[in-house]
């Protein structure tokens, strides 16, 4: 399959915007994903895909020997960008939010940054957050991942100097409405200096942190 | 005007449920409200109204010499129930939430309880909350009033033993959607033991605290 | 697996808030749930999990010989707190709402209280409710579980002195919108003294009743 | 002004459907409303308008000497249809719902029927409803008007044989969402045999009762 | 299984309201449904269930030899009420709406009425409706079933004298939002005299027609 | 005031897209609107504005002697494009929808086309529509304007060969939700060949008809 | 099976509206679809179906030897209308939107027009769109298919003279809300001259383009 | 008035988070706002307020001689932080979005940064954006303000290396739903590296840019 028959790859995107083009694999066939990843890697020595369907992971891993796949989120990277030495916090409210947090952390690592993780520090036991404030103080940006009421970014943004990137997750049930409650909570955070991304969009949060770190 | 032509007063409600019938004054005329308050007071020596329209307050105060009106919320009480000695916390996230918090505190006082206020302790500066924890520890219930993201009840419920009554307010703009964001946040609080009432319903929160204290 | 790699257990939550930390099992693996339950039980001699996935129940029951699992809701308890002698009503509108009501009743029992059940007393045949009023009169709090239009808490709160905890359920179809209709109905109940929890959140209702009973 | 320049009056609607054409006056000028009412009355000796703007009422009353205007709802009738002797219940949950109930009752009277009113019988004091059941038993249909949680139609439909027409009102605040909560509640009523009309649509409820009575 | 352990059957509902109690089978086990149907039939010689799960139909048919199951909707009836000779129209916009229309027609038949069907007469080819107007003219009520934009009840109510019962269906996709578009359309119909029931609620429409016919 | 300080006028838009740039006057000051209209007219001998605030109309009319303002909608045109001889239908469901229909008709006329009006032909009296079908048969496109349930475009599109442009209006109340019901109805129309524009957007409908006529 | 038992085919629709009746196959059985397609083809020598269920495609292809099925969307055509020589653009934002774009292109071809495709020209790399502007300049109408934020129609309508038909798709996740975000974006496009169809409705877009081309 | 009676000022917020505490003046009285601004300025030599009510501006300007008020948005600053030399882009889609853009630019200036404005560069005339790309290339962050469909951030983020902060505005009507359409569009932007803030929240966007510039 020729990539040009299914997509117009935007090879200059990395130069233009600082973020390489990445394959959104969720609704594509194995052949399409393989074709696109190879075309990107051939040009740039680097390729990534997000949301690789579970039933394509083994085949992609077999076909692309040097690619790595993060298992919780299905993120794939083939190569890594040069290390920048920049630290970015990845704060996760609960264990159930880990797939989104891992998508962010794995992407940060692929783009050359060091992810500083803090997991299960939700607001129901707010003291757990204070234990990690020192580690977060050294970060260039802090990604905060939370579902349910999505309150954690407000608290974090009131405690750190770095810009906060808030990621609502679809964790919860009932009136969580698949992440809507967390999304609205984060958009209305009373602490200023928070940028919100789409529900479950760990990759987008990492891309924003990357732009903050590199622009 | 005879009260029976506009309403069937439920004089036995106090005995049956522990909460006296209260006039919801918002959509009623001055004559209707006067008639109903007098009928209630005549039977029980006590009458209350919530959301008295601003343009009826002077006339009601003139007509009912012993009635008091809380100015921020327009709550009216004519008499007070006997003191119970019970303390109930009224925690308020921001100055803009004060009308709702005062409706709750004024109602608590009318029903015989002591309101323990803590104002402007929102999660953007979470340390301010710790200063009032000791005062809250002595409360039979804690009402938490917050708009915007509505995160404060989660944090409070993770720190106190008393049941938490969460009141979302319509404070905010844009994606606050007139209190919807705060309401959803409180319903999805990750800390258990929270009962939520309607947006801006300070009276309802006080009534629930009263039932908790007296049942 | 070490619990510290997947969660920061909040062992002091019971002392701080009166409610022990409980595992939300829905999105976790069998290994994660086993690890967390054992860690909690080792410290406190008591552990609970809600929403245990159906395909993990047999394995958990086999691994934790003394644990009990409520079959309708998938709630697990390993040990029980000391009996308090407190009665809490669990009023259920229809047979279809039973899984949520049983989650509440099983949790109440685990936390030491006596659940007083009244099932299938929905408002379409309101006389059925009057039969159980005497039993409810002895309760410290009354949990009311209803789907569809969610009208039952209003009626109950107009008849009993105890605080009412309303639990909307996702029972219904069409314009029930997965419990939204019942939730809105309960938040707008014309009878005061009702605290609402999230859709289908029987556990949360029991935790609030526990706080009311014990604070 | 010629009516034909602003509307195509449907003079045959009464014969075809049993309900005469009625002017929806809310967004029309005084001249338009006068022109249309006169054209209808000239043909049929009867004319009605709903939601007459407050600032047009005096002028319409002066111009149409025999017209009557119901003050709470702004409904106008010029003439009445022959008496049918049919009784229709108009049950109203609270005093604040009266404008909608009066629109229904006044329309019923204009169309020839006898409205049997029962006001302030909301579910928070359910015993008040039992006092009026005998009067409702003689009705050909029962219109139930309620705001807030809109629970009353379910209870009424579980107690009477007549078809129930449910009218949600925009009475309430916060999560009432201008009548949405009551509307959803009525659509999900657990008692069968209820037809729902639009929020605040007392006229439509009366028209449906009229069709039930006359078809 | 004793019925009293799972439900409080409301055997007097038929006398009180004119509609017998009916089992909502969707969320119940085979044992529960069998138990309830037998208990109802034993008392009244008649029993019905709606939304029987597909995997219980064969077993119910085998166990209850005289019961009939309508295949499109899964409605079950065991016995029929005496014939009334009343005709009720069942107008269906499209072939895809047939399951809901058949639930209504089958229920009408069970309750003793004659369903007059008109199928595939949607507004995109409005002339098809005119062919059936004569048949509808003899009906005591007309049920109109439509999905997508839900426009058909408005047109029908402008053409017939009988009361119109509108049933929105979840047929459609995208901005149909599972029947919400049709529901809103029907609630806002510009033709008066329409009562709306819940999305896909063919049974409720038939129950309302039954009350109209028999009250 | 220099136009360049408040806007970058897109003078080439007419050549590029066939539709001239038009001023959206609603949120602008009188000075801004005057400045922009003069700048556009100076370049092209033609200028238009939509939604001119009521309190600016007299001043604009005085300042721009040759401009005309349509009074119902506040649309302003200063000059007209050459006549094309193309006819475009403007079908309006009810008298209350006239402001939106007139915005469309006035814009069509300004852009050189002949508007063929048909007013008050809503679906509650569907026969009125048949009277105007011949006139519509000669139109290059048919704009259909309707509020409430928004059913008219479906019926029209089932009867004419021309493309139908559907304009939902905010006419209605309650569950009309300011035009949402009509919008959803039109998007789900069962008759194919309908393009929908924003609620109350008569100008946009005319612009689309213009593109259809001229492209 | 006789077609008349399941549907009233509208054979005159093609003459009346210019668009032949087409089977919406999604909720029909194989027998129903076969019967309807054969009845349509017998009368007109042409038949189409949209959204053929995946599990019916092989059987339909075997039974109707000359029918073709577009695999991504499940659109079936049996015969083609005469060629018109009209070109219609089909612009597709991303590879994931292809099924909807192919439904449009395949339908256009069936109705006699030439689809001019431009794929993967989303706004994140806006230069890719400029490459295809010349090809679009020769089109009678331009269909623009996009999910996520749905921004592409605005940009295209600002660059071409042809009318733009916007098709939102359900591609995306989280706050895309199954196409709602794209739908709202397209309805609010700042460039005039855009008609919007339902989410994922490639067929409807092609039908509108057909009417534009042929009326 | 003592500030401590109405608020607990968080004087350490600037040190802790890099952003000074700012008064949200919208729901406060003149006295409250004066008291709070003086208390903040006394401690830090700098004070700001957002959304100053129009009727308080003259009095505040008179009382605080050195304060400046931005007239479109009602933002007040009393003093400015030291210049950083950092440039931040403020890109504004249309003239109607200027109040929000000016709130952002004025805040940036107060916090020490240089705002680089580009106004009226909406996507309907995308070439206007290309003229300002060079100016944006020198910016540390780019704030993009847009209402209606909110498409501009996607396009900008595909063209610049700096992180993009997207601000939806409530400009529009109908299906814009007071900014909801723009908000959803920005959250679903297909270009990565965008952080979204609340509707109309120009201040929040500037605060995030400040954190990006200074952290």
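A, B, C, D, E, F, G and H are the chain letters, set down in written order, and residue numbers restart from 1 in every chain.
We adopt the following convention: contacts are C-beta pairs under 8 Å (C-beta built on N, C-alpha and C of every residue); 3 or more make two chains touch, one makes a residue touch a chain.
This is a predicted model, so every value here is computed, not measured.
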**Report entry** Contact distance in steps, from chain C to chain G
**Finding:** 2
Query raised in the report: If contact pairs are compared by residue number, which of B-C, B-D or A-B agrees with F-G in over half of them?
Result: B-C
**Report entry** Chain of greatest Cα-centre distance to chain E
**Finding:** H
Report summary line: At the largest C-alpha centroid distance from chain F we find chain C
Query raised in the report: Taking each chain's centre as the mean position of its Cα atoms, how many Å separate chain C from chain F?
Result: 56
Query - Centroid spacing, where centroids are CA-atom means, of chain D and chain F in whole angstrom - result: 35
Report summary line: In whole angstrom, the CA-centroid distance of chain C from chain D equals 43
**Report entry** Overlap residues in chain E, where contacts from two or more other chains coincide
**Finding:** 13, 94, 124-125, 157-159, 174-176, 180, 183, 187-188, 191, 198-199
Query raised in the report: All pairs of touching chains?
Result: A-B, A-C, A-G, A-H, B-C, B-D, B-H, C-D, C-E, D-E, D-F, E-F, E-G, F-G, F-H, G-H
Requested in this report: Going by the contact rule at the top, pick out the chain A residues touching chain H in the complex.
Outcome: 13, 16-19, 22, 140-141, 157-165, 183, 187-188, 191-199, 203-204, 207-208, 210-212, 214-215
Report summary line: Residue set of chain D touching chain B in the complex reads 94-96, 98, 119-121, 124-125, 128, 171, 173-176
Requested in this report: Report the residues of chain F in contact with chain E in the complex, numbered from low to high.
Outcome: 93-94, 122-126, 148-151, 154-155, 157-159, 172, 174-177, 180-182, 184-191
Query - For the chain G and chain E complex, residues of the former touching the latter - result: 6-8, 10, 13, 24, 26-28, 32, 168, 170, 178-180, 183, 198-201
